[in-house]
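For reference, the structures are reproduced in the following blocks.
Okay, so subunit A shows up in both of these, paired with subunit B first and subunit C after.
Moving on, here comes the complex of A and B:
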């Protein structure tokens, strides 16, 4: 039970890391390798507001999210739209966007280095135990988990209930047909990309309450997010949530019952198994 | 010819500013002494280098130039630092050292950051005949390395000394009744440094009559250390020892607080001495043991710390910062003594005794500085050295009494 809860908390963290990439890759079709840098930037904003003015990272989100939305919208319009326009096939867009955002990740690291410096930024926020069923859990992790639940819940509702959300899913499923029924694919893709960035930055702000970040840690998060999105199925919110929780629980199980040294091995074994038996991901649709 | 030189210079300037912004200190009378510096500005070790390495190079260059430069054979010459980012990638370190040696024609090159990068760069330093006064380079292969690379110097200590002094401190605490049992929980990061230290410590703990009740490793970059701390707590140890690296040093301590890990001694290795550690954990850091240490009461350290803060806006750490600065003082004194001939400087390094912020430093027959700090402890908001191999001013160790928040 204790292991399960610890795993769920870790899974919540992973969901925060991966949800934004899922939107960007699933809907906007941009494999954003600079995703981790956006997360670190969100974390840095939270750190900065907290150390400068004791503003709670959970309030900072109100500033971080719109800023990240705007920044990502601009990135999409300036840098990625030309790639989308000239791409003849989905494969071409994928490889172009991987290269472009790979470059972008270096630019982002350089910028953050220049602005924030290379030092570790960490602070203590809600670093208190909460006791549940006789076991202690970090309050900051629990709070971030609640944040993840809220964000994922809202996204899920929005994608399934609102018209814009349904259009997003239409693009994720069949971009060519979506155009036929009057959905402005370009416009919505930009919004999906921006929204993905905003979610990632928000995740970064929440995660920074318990993880130690520095300007160049982004790539670590990009990799984790990539695994989770692919395991869950590209473009499906439920898939990402399930994959993130599964990964969290499996890692914690292995760390607690076998050996903490094997967590990475366990994560990648799970990844390989899913790719072997469900190459389209847990909730993904088979490509026809 | 003239145009080519100008072109070359412009290109070099552009390159050096691209790769991390060269700190150029202009000199007009004599040509400046060109000093190369290669270390991470990005990549996994950038956070450590940003605290320990780069600020000291800037501080030293600023101070030397404010004095009018270095006295080389009677002429005062400014120093010019050329910085390169090696992205924490040994291949890049080697390339950058080569570039400094061949294209920038650096007079001297400051040793890289971290054990792996220093060892990777040793052959190229040796090939071009540069002395390599390494700092953040802790290994037990000093003898072997020094025989292969006769111009490689070691200032910060050896793996076995760090492990054995932790064991010694804990034994003394047990003998004094501060540890009420001999149960040790030991964890390490699965990286060269952590593996080597855990391997060195294991037999030493057994020899000293300790029982290792929990012994595990975790991968570098582990996000969630709560299973590790929970398992350690379940083993009911008297002391917790973690051979850890920066991100996990913070992570383990945060979890220990959350789990309320009750031990009489709590040790985490690298980065425990960082000012950011004290700032983050505040009163909860009280009594935490860590790798390194200084004598914060010595006048030399106080003066150095004040200058460091004034020049860079940040406090030095309580361990390798001062040693990094000392390595530059050693280079400075050697240059002023024998000039820019690198062979002569290396020879001088082996013989002379240097006056530094840490006190006097000299190298033994293996180019190894035998007097260094090994264990420190947060006491009243300052990280004080509690164990050393020949430095003055060690404080006495205290019991970790809870995490009082």
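Moving on, here comes the complex of A and C:
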């Protein structure tokens, strides 16, 4: 039971990261492989503010999110828009953006290595246990989970209730038709990309309160987020959340029952099962 | 065969003969560099055989390579070396077929993501198995010298070029060119696209595993982090695309400068190799989308145009 709850707590944070990637891939159509580096950068900020000025990571989010939003908006406008314009087909945009964001991700890792060195970094924040149903859980994990739930909830409401959210969903469903009904696709795609980056960086700040990160761990998070997005279905918020919780639970199960070194293998097993039996995602409809 | 083909064949045989003479210089530095170039030529050329026509970016090279290395590492005491190299090739082809069957029926993104984590996945499983059995790494002690490894790799390169040339002339190669242009059209004209892609993906899988098997004696001590280094997959992608994946000889044009650049950077600024990888990817996307081959073609076209005008 405690394994299950720990898994859910981890999955909540995963949901936040995957949600960021889903916005970038579902709406802006950019398969962003530098997503994990944005997460690590968010974690670095939280670490730096906490060790330098004892600022709570939950307050740092207020700085990290706008910064990440601006940075990702710039990345989209400067680097990715030319690719979108150049691409003749969806496939070409996909391979171009994969290569470009790979480049970005390596540059980001290289810069972070140069600035912070290759050491692991972690700090101790809210690391006292809370007791729930007779078992102990780290308070930082619970707090990060609550933060993730709040942000996911706000995002869900925004996507489903506001006019901008409606436009976003329209682009995700049919980009060509969205243009016809007067939606500024280019403009909104940039915003979706920036928002996705901000959400991921926030996730990074939250996750750094209980996980040890280093400059080159980003790619593992990118992989997990990708697996979650595909499992949940591209552009599907509900599916992303369920898939993230599922992955969190399965990973924790494998880590505590078999071997902590096999977490990626566990995620991959899920991924293969999805590819073989439901390639359209957990809640997706088969395309005709 | 046409006259042009015979000329190319003679030139290729000459180049191969010259390349095979390198160990006679007796210089360790040149041999080491030559080994790297030969290894990456084999890997990048076989990579481009699949990814050139299909435009699918495979990041699984390191997984196949490590599989080959481990085949030799685990079996060299019981089986003769040559049979292990062949076995590595078969295992690589089987793994490639499995990966292909799971992912190549779907869109390209799934394939990229799957191959991205494949090396890490196999590495985790092997590390876990080693922890279970209590051993850490493997010693490969043979009397195979670097000269032998180099000649093996040159021979393998010749084989890869031959296979590539044959595929280009075969029905499979024709089918793949159609798939690369428009998969929808290919399907409507009766090509089993998934089957063609899986079959072709087995070639780089087998070749990378054989390369790993050939290089195992060079490492002497094998451990998962060394055999499955993810960097290898990215280097291969960069070299192949930098040269140009559309032609058989394209990757070679990328391998030679990049291998030398990598050697220089990693010996003088060992911490900046990540940055180098990143910048190379960006250069490929924004400056040289068709690689050096595309650049050469453009220059040649401009020159011939100018002649036409005057």
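As a convention for this text, the second predicted complex is superposed on the first by the 269 of 288 C-alpha atoms of A that agree within 3 Å, B and C clash if a C-alpha of one lies under 4 Å from a C-alpha of the other, contacts with A are read in each partner's own complex, and residues count from 1 in each chain.
The definition used in the following text is that a residue touches a chain if its C-beta (ideal position, glycine included) is under 8 Å from a C-beta of that chain, and two chains touch if they have at least 3 such contacts.
Only a predicted model underlies this, so the values are computations on that prediction, with no experimental measurement involved.
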First (subunit B), second (subunit C), both or neither touched by A:153: neither
Which superposed partner A:105 touches (first subunit B, second subunit C, both, neither): second
Which of subunit B and subunit C A:226 touches, first, second, both or neither: second
First, second, both or neither for A:66, with subunit B first and subunit C second: neither
Touching both subunit B and subunit C, residues of subunit A: 109-110, 113, 118, 216, 220, 259, 261, 263-264
Subunit C residues within the subunit A interface of the complex: 55, 57, 102-103, 106-110, 112-114, 116-117, 120-121, 124-125, 127-128, 131, 230, 234, 241, 271-282, 284-286, 289
Residues on subunit A engaged by subunit C in the complex (per definition of touch): 31, 33, 82-83, 91-92, 94-96, 98-100, 102-111, 113-114, 118, 216, 219-220, 223, 226-227, 230, 258-259, 261-265, 268, 271-272, 275-276, 279
Subunit B - residues contacting subunit A, complex: 40-44, 46-47, 49-51, 54, 187, 190, 216-219, 221-228, 230-231, 246-247, 250-251, 254-255, 257-260, 271, 274, 276, 280-282, 314, 405
Subunit B contact footprint on subunit A (complex, rising order): 2-3, 6, 9-10, 13, 109-110, 113, 117-120, 122-124, 127-129, 136-138, 210-212, 214-217, 220, 224, 248, 251-252, 255-256, 259-261, 263-264
